[in-house]
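The two complexes that follow have chain A in common; it is paired with chain B in the first and with chain C in the second.
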Partner chain A sequence: MLIIGELINGMYTRIAKAIAEKDKATIQKCALDQVKAGAEALDVNCGPASADPISDMRWLVETIQEVTDKELSLDSSRPQSIKEGLKAARNKVIINSTTADLEKLKELVPLAKKHNAKLIGLAINSKGIPHNKDQRLELAAGIVTYCVEQGFNIEGLYLDPILMPLNVAQTQLKDILESIHEFKLLSQPHPKTVIGLSNISQGAKSRSLINRSFMVMAMAEGLDCAILNPLDKKLMNAVITSEVILNNKIYCDSFLEAYGKIQSPL
Partner chain B sequence: MLIIGELINGMYTRIAKAIAEKDKATIQKCALDQVKAGAEALDVNCGPASADPISDMRWLVETIQEVTDKELSLDSSRPQSIKEGLKAARNKVIINSTTADLEKLKELVPLAKKHNAKLIGLAINSKGIPHNKDQRLELAAGIVTYCVEQGFNIEGLYLDPILMPLNVAQTQLKDILESIHEFKLLSQPHPKTVIGLSNISQGAKSRSLINRSFMVMAMAEGLDCAILNPLDKKLMNAVITSEVILNNKIYCDSFLEAYGKIQSPL
Partner chain C sequence: MAQDLMLEKWSGKISTVTIGATIADGGTRKHSIKIGGEKSLPNLFKEGAIPNKTQIAFEIWDAPPTDWPDELNKIYGSYYKDPITWAKTCVEKYKATCLCVRLQAAHPDFGNKTAQQEAQFIKELLKAVAVPLVIIGCGDDSKDSLILPACSEAAKGEICLIGSAVQNNYKTLAAALSADGHNIIAESPIDINIAKQLNILISDMGLPLEKIVINPTIGALGYGLEYAYSIMERARLAALSGDKTVASPFICFVGQESWQVKEAKANAEEFPAWGKETERGIIWEILTATALIQAGADLLVMRHPLAIEKINKYIEELYQC
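For the complex of A and B:
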């Protein structure tokens, strides 16, 4: 399970302020805290309030790289911002993300190929969010097909079924779980799968419980990667336990301590 | 999700003592505690130390029925003990259990049909426990076939894949999860599925965490019923949350309180 820490995101007031004030210490502490808690990659998102998402992306990438060599997930809907992040990146990179729109694919798939970056592909297009599993599969298949045509290594493609909030789209969650399983059948070798976990509990009570329950279910469906809050200890313990149940990590009596041990940031 | 409370079982010293001393109060409190915590049925097992499992089963059934009308899961490998429980039962009954052995099926399927009882069918036979998914499916298919031949209502059949402990059979757990999904495809209408949840964490540390993680995964695979400890509040909250995620219960902000409310014992 590739864990991408979600916390360096300008939608959080504290991070938006740090970006605006070029406060390196806050960003670097947020990076290190997540790595210590088990994140193997870090999402980097300037947020909606960024006055200059291009130079802010560059600054964030440079700032984070000063303290960790973990993979960076360059998270922006603006290809220009992702390109600027790629220029600054020495660490490995995940491009987060392309939609299923041809114009986006045309721009981002060659970029991912050129930079040997992983690519997150969202099962969504400019017509809006999918309403059922068939629409998700159709959008995902379009992304897979384009990547195959362009010779992009499909094992570096992470398909995202678009996780919807429980309190507004409860009837879609079973479809989303099944999509995680079925996306992997779209090609041989299999594409990988990713979710933005916290979306499920937007606006809900008992957020952590909802998040970790869905995470465990998604793992049973074969999920490969999640963007989540690694500082949620209960969530991380559920992830470790599920890895052991699914035989991805060997059981030992002290499995929580063994696999939850503090990671080295560099 | 049909929750069968597991706690009235003579393998627990306290319960064995209550059975030996015919201490009604302890048994009745254990029954009511489980019902209040959300159990819709109660397992009734005299345990290995019972000097007379036939009269003990009768006494347990009579004792429990004095305080609740919840369904009783008559749990014994001895058909004679189950028969005695059936004689005493006024409440609805689950026969727990038959194996895939023909002699057991011949005795217990007609009994379940006659008493309009549910029936738990274990994917196991006298040759020993199954080692993989194919063996589980073969054993389960044998049970389904026999039930269909005998005209037993297949929707009252609960197939158990035999949940193994994580610390001795880690490599089998994914097979067991997939069996839960695939058992349901064995006939139309579908048979139901059940697990004895606590088995997974026998001898392990972090038992409650392992139990609830597996439970959530099994629910995602379509599990219908579990024999578990309903007094484990974290487990019950995970079950409720999973029911909401899977759209089996309607979401509301107070879903934990709404669905976790104290049940009436009668």
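For the complex of A and C:
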């Protein structure tokens, strides 16, 4: 399971303030806290309030790279901002993200190929959010087809079924879980799957419980990667336990502690 | 049409354990040996680096073995009462590059030697031979907890491999070896979950994972060899995928297991179809060893000099591939 830590995001007031004031220490601590908690990659998002998302992305990448060599997920809907992040990046990179729209694919797939980056593909297009499994599969198939045509390594493609909040789209969640399984049948070698976990509990009570319950169910469907809050200890313990139950990690009595030892040092 | 080999790319690697300290390293050994370090499944030389060959340690005891068969007694019987000469013979006559000494004389049924006596014996052994040493207890847990720390101190600075730590008896040994700079053997009963747990427990005692050699416990050919093979394979797959808690080299007690099976010991009169007993045991030890090399064994503890000679040749040929 590839865990991408979600906390370096300008959506959070503390991070937005740190970006605005170019406060390196806050960003670097946030990066290291997440790595220590088990994140193998870090999401980097300037947030909606950023006055200059292009230079902010560059500053964030440079700031984080000073303290860790973990993979960076350059998170922006603007290709220009992602390009700037790529220029500054020494660490490995995940491009987060392209939609199923042709103009986005045309711009981002070659970029991912050129930089040997992973690519997150959202099952969404300019017409809006899909409402059922078939629409999700159609959009995902479009992304897979384009990547195959362009010779992009499908094993580096992470398809996101677009996770909807439980209190908004309760009827869709079973479809979303099934999409995770069915996305992987779209090609051979199969694409990988990713979710932005915290979406499921937006606006709800008991967020941590909802997050970890869905996470476990998604892992049972074959989920490969999640963008989540690694500082949520109960969530991380549920992830580790699921890895053992799915036989991805060898059981031992200290299996929770063992996970920390498996992780490479900072 | 040319066929490309399907090669796995692994993210993990097996740790490298050095046994023996030369003068340059602060010890008195003429050479040291390195085991482990693989970045590939066993013997897939094109898949990833395999920097160190499988090594063999000659097994000697400090008390006369009572259950060794005639084929071994013929070779070593005259040294049973003089383990120092036994050790020297292995090194000088049979060109042993590593010795594994079992401190059987400490066992309550085999002489009940004290920790002080065993420590003295180790000191004499280190003076008599200059090869790296593997030191094994007598198998009685409470006695081993006394003699092994004493021998660890006696061999301080020589970087030996000492064991065995088991799940219910690892603390005293791990603490002593950690203080004296040795490597440890972590023994689990053909059980990957316990092997992993024991490695974690030992590293929690302050002895790093890189100082651990796993004894997965093996069976000889026909006696559960395939179970050992699966455990070793499972550990290797996990280790190469990045699980550092099982990324230790393996030590396999081939001689001990091979020479106790009926096929190795029974005489030809009783089983005429099985062929000469003068050859059968040697063949059994050779076949068990080759299978374990395929499973990923890094250090083999063996007994018969002819079996060891054949296996050394086998390893040389394997590494020419």
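Following the convention adopted for this analysis, the second predicted complex is superposed on the first by the 259 of 266 C-alpha atoms of A that agree within 3 Å, B and C clash if a C-alpha of one lies under 4 Å from a C-alpha of the other, contacts with A are read in each partner's own complex, and residues count from 1 in each chain.
By definition in this document, contacts are C-beta pairs under 8 Å (C-beta built on N, C-alpha and C of every residue); 3 or more make two chains touch, one makes a residue touch a chain.
Worth saying up front: this structure is predicted, and the values here are computed from it rather than measured.
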Next item on the list: Would you mind checking which one, chain B or chain C, touches more residues on chain A?
Entry: B
Check: So, A:V148: does it touch chain B (first), chain C (second), both, or neither?
Finding: neither
Next item on the list: Answer with first, second, both or neither: which of chain B and chain C does A:S254 touch in the superposed model?
Entry: both
Check: For chain A, what residues appear in both contact lists, the one with chain B and the one with chain C?
Finding: 250-251, 253-254
Check: In the complex of these two chains, what residues of chain B are touching chain A?
Finding: 166-167, 170-171, 173-174, 177, 200, 204-206, 209-210, 213-214, 216-217, 219-221, 237-238, 241-242, 244-247, 250-251, 253-256
Item checked: Residue ranges of chain A touching chain C (in the complex, touch as defined) -> 249-254, 257-258, 261-262, 264
Next item on the list: State the interface residues of chain C toward chain A in the complex, per the touch definition above.
Entry: 192-194, 196-197, 200-201, 203, 209, 234-235, 238, 242-246
